[in-house]
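A short write-up of the structure that comes next.
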Amino acid sequence: MFEGVYPPIPTPFVDGEIAHDKLAENLTRWNRTDLAGYVVLGSNGEAAYLSEAERAAVIATARQAIPRDKLLIVGTGSESTRTTIERTRAAAEAGADAALVLTPCYYKGQMTTEALRRHYFALADASPIPILLYNVPKFTGLELSAETILELAQHPNIAGIKDSGGNVTKLGAVIRAAPDHFEVLAGSGGFFYPALVLGAVGGVLALANVAPDQCCQIYQATREGRHEQAQELQLRMIPLNAAVTTRFGVPGLKAALDLLGYYGGEPRSPLSPPNPAQVEEIRRILGEAGLL
Amino acid sequence: MFEGVYPPIPTPFVDGEIAHDKLAENLTRWNRTDLAGYVVLGSNGEAAYLSEAERAAVIATARQAIPRDKLLIVGTGSESTRTTIERTRAAAEAGADAALVLTPCYYKGQMTTEALRRHYFALADASPIPILLYNVPKFTGLELSAETILELAQHPNIAGIKDSGGNVTKLGAVIRAAPDHFEVLAGSGGFFYPALVLGAVGGVLALANVAPDQCCQIYQATREGRHEQAQELQLRMIPLNAAVTTRFGVPGLKAALDLLGYYGGEPRSPLSPPNPAQVEEIRRILGEAGLL
Amino acid sequence: MFEGVYPPIPTPFVDGEIAHDKLAENLTRWNRTDLAGYVVLGSNGEAAYLSEAERAAVIATARQAIPRDKLLIVGTGSESTRTTIERTRAAAEAGADAALVLTPCYYKGQMTTEALRRHYFALADASPIPILLYNVPKFTGLELSAETILELAQHPNIAGIKDSGGNVTKLGAVIRAAPDHFEVLAGSGGFFYPALVLGAVGGVLALANVAPDQCCQIYQATREGRHEQAQELQLRMIPLNAAVTTRFGVPGLKAALDLLGYYGGEPRSPLSPPNPAQVEEIRRILGEAGLL
Amino acid sequence: MFEGVYPPIPTPFVDGEIAHDKLAENLTRWNRTDLAGYVVLGSNGEAAYLSEAERAAVIATARQAIPRDKLLIVGTGSESTRTTIERTRAAAEAGADAALVLTPCYYKGQMTTEALRRHYFALADASPIPILLYNVPKFTGLELSAETILELAQHPNIAGIKDSGGNVTKLGAVIRAAPDHFEVLAGSGGFFYPALVLGAVGGVLALANVAPDQCCQIYQATREGRHEQAQELQLRMIPLNAAVTTRFGVPGLKAALDLLGYYGGEPRSPLSPPNPAQVEEIRRILGEAGLL
């Protein structure tokens, strides 16, 4: 169901307010690529900075701008089970094809496998759309173990996971033992090709915002057994992937989009735009990757 | 300004909804103690699980139930600067005496001293009430360093810090070098007395919900030079403090309140109440501490 | 130079003393496989528990039992530069083909890139045999970054790295930018195949002690473009790899060897043999992997 | 038994070799203070960089230079139980009054409470001198929990702990529940006074190398109820304590000793001396602390 490449798209702001026209324009341009769909309201969408009303508005704009043959996956995770259910139902009604649900993480010490099972199973029972788990320890400080993932994967409405942790040993353990309906998506362009060869069905990649064609080529080359090409592209994308993730974060991703003719713009505070020297570095990396 | 002991009070729920009558009743009982005030909508208040409307309602109930000679400190932290400012202004209008502001932490890698300075200074400029920093690495995965705290302490409207990290070496470094207007509050009963002897002015202690008199006695004994008594009480409180914090969390705190005749009740999911064996263990610990 | 599969072999003990005959017998049996060579005195060799005299004796026995067409790689790392140089020179004189050199890690906070450059460059200058870096954060608590590795890789006598950290994003960054003479070896069977597709030349795998043929098949299948077979074998080996590494450690590896007809024996204290239930679990896993 | 202040003394080198005359001279000078004794071959003694023969020689020199009314505590920890027993017996024969025994930590995942009990109990049974546990997570990556410490404390020949972790909540839990014969020593000057008020009997403090009088005064003032003086001294010592521990490490401690007229000298590689700007900073901090 989730085969292919999905960019977790940023939320564009003008003067601090959501710029729906820019969001639609970006999507229109991405629609011309082979991307299988989009994640909105994920980490790269600065969802943590949006009000409930703003979230609803972003979904509406995205749904309108995304053709029906591409998936709209919406980030709906929240600390509490009740709010997560509310957000997921609202996203489904607004046309989302699936929900990407961050692990609750504030009370880390209490987030046992049992607590996470309670949370995700209640959600999966209540949700009219499939649930994707979302493991991103660099943001949550919480790592879903293979054992926990495999337990959650037993629910028929839990359809897969976006795992951004980069532990391919763990991904292998999940792929090996998960039920057939459960799919693994690489959560970062840094290990996309290695995840694919292990059996991941695709990726949700910040990198795919700025290099959609290259990411789709890695996917296609791997599917078609052109491993040398996949390897070459994977290695070539490494500095750019780092630039739009760990090195410069969402602000770096937005700056890269601006340099590529999309609308990136400024993040909300306390994030701040890269300084001019950092922008030059991003420009250099985009050039080196053959994107300028 | 913040001298004394403050419990970060839980938010009571009945059938999953906020029980304002129980909240008021609990406060009425705590009001008879020497507690200097209260923190509402902190970590122990399950603020992460409350909607904006629920937050406002809790503040209203608390303000009404708390006499003017006790401080009402309200947790207003949020990931974004704009929401944090909105919440803080609303809390001030609703009668809060100060705001306790959690470090933004989702984009951990980007939360540099500069980003935190931008966040807290914008807030302190905009807020009509004093700002208390709130460092709680076990929940946020982010530790404010002494250097960052001392830089933030330069703002005249940043009045102090609740530090739950337990690093007293760092607390000493802050107390030594902070400007006079900046006060340090211990953030856990586990190191309350050691923090006081270093120069902390008080504490925001989950323990103070269940042992308000003992916490106030530790405070008074230290102030009056009765160190043996302070030490004896501090050591006696250790198992109870662990029970209502790291061992059983907010659910354990609520269970302990129930055992003591306050209203505790159940937490919201994905937190869950302690099982019967755990409740018995909490009862045993309360008994050992001389509270039953 | 280091293409292929290398088991980091355990040091056999009888009544707490090194059993050189058992060591030679194990090697004789492994010699019949396609293994490219061996690592002695690594983490799985309990090198941390051996005296200098015992280390020398193990090298002598191994050298005699290993044919010249298989590499003898010797672990020589030590906290101090001088001892590391002494051990490396002694290993070279005793016939080692290369030295595997653990990162010094006791004074973690001082082990800057500059300190590590000083350490490894002095060693590489003094060593008559090539140096392999050894990154194993689960034991050292220290993670060599891609930047540090790439700086160390500039020395012509630093020939590569065994990286056990499992971060394939980092491995990709190293493979992409390292000089031609610098080779990457996967440090655990959990990510052997993904590392190979990124450009690793081989692996130093605890798993290769108990499943040498399967590891060599993963290597060959990848080299020859039989990716489905490589993937299938990689996934099949996951539980066994976990059993002889993270789950049961060196004691588990030794127990597995015993079950397979090699000599495993007991580890030195404070390590202790797996209990009977754990041995049964290891037997079950070996059976499931098709090795019994 | 262990009441008072102990500096963990550095091992002086001249041209890379141990300078026994400098060691004796330093001790002669420290002997004039109220220090209760010394720790040799600890972390600050660069024990990790010394051969077994060098360790023996350091003990011999120290024993000769230390009067019988001051304790000689020797670091004897090793990864293996057998080597730790050998070193401890040798130290006892050479006149050590007690052994300070680092937690084995290489196979971190296997160092369960049970494994540590096996290690320390075998040692305590075999040792003619009392054993002090040594917890220093910043070097070992392993934190002894209160539960584990309390289990180890049951052995009559395990006399106490040097805890450098700085978690005073944990120290309180240990002090509260440990048997009478078990004593707690603060392991860093950063939390010496807070540890004393909780019931620690003294401290093993890098700071005591450079500020022996001030450390003894903190100890005496606390014992005699002069808490304001103890607090004032504790706060005054904070920057100096940081300089000779976390900021500049053993090299910084040695540079500070040189500036104070002791012999410090250079550490062994891969440690390196502070650069001139860092030496100036250390000089400034010593001046600010009133030591120049």
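To keep things simple, chains are lettered A, B, C and D as they appear, and every chain counts its residues starting from 1.
The definition used in the following text is that contacts are C-beta pairs under 8 Å (C-beta built on N, C-alpha and C of every residue); 3 or more make two chains touch, one makes a residue touch a chain.
Note that the structure is predicted; figures quoted are calculated from it, not measured.
> Which chain has its C-alpha centre farthest away from the C-alpha centre of chain A?
Of all the other chains, the one whose centre lies farthest from chain A is D.
> With chain centres defined as C-alpha means, what is the inter-centre distance between chain A and chain B in Å?
Result: the chain centres lie 35 Å from each other.
> Need the CA-centroid distance for the pair chain B / chain C, whole Å please.
49
> Tell me, which residues of chain B touch at least two other chains?
Within chain B, no residue touches at least two other chains.
> Looking at which chains touch which, would you call it a line, ring, star, complete or other?
Ring.
> Which two-chain combinations touch?
A-B, A-C, B-D, C-D
> So in the complex, which bits of chain C are touching chain D?
16, 43, 48-49, 51, 79-83, 104, 106-111, 114-116, 118-119, 122, 138-141, 246, 249-251, 268-272
> Could you pull out which chain B residues touch chain D in their complex?
166-169, 172-173, 175-176, 188, 190-191, 193-195, 197-199, 225, 227, 230-231, 234-236, 238-239, 241-242
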